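Take a look at these structures.
Next, two complexes with chain A in common: one pairs it with chain B, the other with chain C.
Right, the complex of A and B next:
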């Protein structure tokens, strides 16, 4: 009788073990995954930009602004070609940062250059977005005469800034592309560029124009 | 071969099973929450701030609801404390906060933490509530879809 009871308990014990195992296997029947939604965003502003609803910290959102700003200088006849750099001015009205309404650039001597880069990827090569300028070889006048774009350079600063600028000082090439700077992942970057004409040659009289296109690229 | 060896194995198995299945002992048990139902299988995370600051801001955030159903029948009639356990995650910097409809306690946790959500007598076979999980994580290194791992444990008095 005692032996029969032991066998019964053993059978019950084994059955209980099977049930417990089944419970343990079914305890993770649902899963929740985390997935980033529209994680990559870039925004570039050269000159005037646009945020709808005010600056970002006022609740605004980035928008599109197709304005092409002009940076120009009129060289006095007596100074043409004397090698004294001539400060250029802009028709841009962008003096504040659209991030937080901070008065960052001084008009009309500085052109705002800024933007941001959003990404969740930390893979190699994704640490920064790169701002590149495409530059024609020359500025031209109505008569087809030219001035090399390499006659234009810029300094870089920003009110309240210290240390290196994200878009540092540089000069345009006489055609081709030039890297203006980079924006680190998940960061807002901005600089104010003050352009000058080197004035080291004596071109024919006239108004010389050319268009530089800035492109921000994210990996 | 001695007939006592299988008998001894069976006895040892019985003792082990008895210990494992004794819910009334003062011990910690993982609760079967497999009858729970998330609102969606994936919580979509967006940037906490659509625009980053000058100093960087990579926080992603999202919310997901879970109809929680904890099988506590094994401890019915006992007093216990139930914890939400957030183990270390494959995703860096996860922070979890949850709101409830009152059956469980709201709270928040970071990986490695065990947070009290219930204390008292277990009177029903299931403990049910609706959790709204607010999830935050670092978006600077988030290669793609990642699992959110958490579970519930009970300490039985």
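Right, the complex of A and C next:
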């Protein structure tokens, strides 16, 4: 965390005073307070996101990036169903935070999950935004065979972090929704998720796919 | 004038760099407004399971088990089956297991021909019968040469069956005395093969 604050100060230029204050107020890995301003905004990034005009600290604005990342694993034939969890990798190239260009996640083993909830004042709007994942019951292959999504779990960390992650470790349910974490009003929060396949059963051969939708909501 | 044009172009170029999205190749989204806000990003998950097939008959690993039959002199050829000895489970029985994830499995047994005694004597493999404890994992009927294939049905593309296969000598013929077969001699060895389509 200390290393990141130093990096942020160096990169922030004329906004250094503001950033120093923000660092002093941040409590856990990795969340940082934002100054309220208009418009009231929520921003969600899973994988590589997009900002225009620089990072958030450089005065940039969030943008839409519609390309969907893939988290994948090929289980070695000799280990199918042996109960040894298999680390998954991502095709995301998002190693840096668009808050401040800090090298936060390690590729290809980690997927960036983060965003911000900024309001127009310190009291306007709901106190928190909630990040929820909607999960299908199964991943499916071309033959219609299935793997339950509950076979996928993740750990959470971030370079330079200590303490509890805003989006902590967890596991997908076999269908339904799961709360990934929350972002407090006027705060940026981010974690790096490293997924693994539990590999606890022998499924039919094939390539199984499934899509998870993360939704950030501020009532 | 040249200098002025250069400066202008320089500003245009800088503006283009700042306006370009910093990231690409994934999903991000945002929403603004005073009311309830909600925005989504998606991730695709992909798990590739390769096709594999494993077969075990007898002791796990490299050892090849020996199953023997000792026919009492008074019973030679009287059609009373003779149970075996040996095998990883003893009493002429072996562990059989098939694990695969590529659909139905076909099992086949192959021998080199009738079991010999080193001279003119021979016992047809049809005299060696196999009983399976698991109807879902039947044993191939042994023959001189290649047996007929037997199917092991998959459930949801997966075969995971285990059985005890028990061997007997049918003892229906009076044959020349002697020791037939042995350890990989006189056509004594059966090779089992599991295959996927």
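One rule holds for everything that comes next: the second predicted complex is superposed on the first by the 172 of 219 C-alpha atoms of A that agree within 3 Å, B and C clash if a C-alpha of one lies under 4 Å from a C-alpha of the other, contacts with A are read in each partner's own complex, and residues count from 1 in each chain.
As a convention for this text, a residue touches a chain if its C-beta (ideal position, glycine included) is under 8 Å from a C-beta of that chain, and two chains touch if they have at least 3 such contacts.
On a predicted model such as this, the values are computed, not experimentally measured, just so you know.
Put simply, more of the residues of chain A are touched by C, taking chain B and chain C as the two choices.
When the two structures are aligned on the shared chain, A:139 is found in touch with chain C, with no touch to chain B. Touch criterion met: A:73 reaches chain C, while chain B stays clear of it. By the touch criterion defined above, A:49 reaches chain C but does not reach chain B. In the superposition on chain A, contact of A:213 is made with chain C only, not with chain B.
By the touch criterion defined above, A:84 reaches neither chain B nor chain C. By the touch criterion defined above, A:123 reaches chain B but does not reach chain C.
Once chain A of one complex is fitted onto chain A of the other, the partner contacts of A:62 extend to both chain B and chain C. Once chain A of one complex is fitted onto chain A of the other, the partner contacts of A:37 are limited to chain B, with no touch recorded for chain C. Shared-chain residue A:159: touches no atom of chain B or chain C. Overlap of the chain B and chain C interfaces on chain A comprises residues 39, 41, 43, 62, 120.
Looking at the complex, you find that chain B touches chain A at residues 7, 10, 13-14, 17-18, 20-21, 30-38, 41-47, 50-58, 60, 62, 64, 66, 91, 94, 133, 135, 137, 139-148, 151. Residues 18-34, 36-52, 99, 101-103, 154, 156-158, 160 of chain C are the ones touching chain A in the complex. Listed in rising order, the residues of chain A touching chain C in the complex are 39-55, 60, 62-78, 80, 88, 91-94, 98, 111-112, 120, 125, 129, 139, 143, 145, 147, 149, 151-152, 195, 197, 202-219. Across the complex, chain A meets chain B through its residues 6, 9-10, 13-14, 16-17, 20, 23, 26-39, 41, 43, 56, 61-62, 99, 116-118, 120-123, 184-190.
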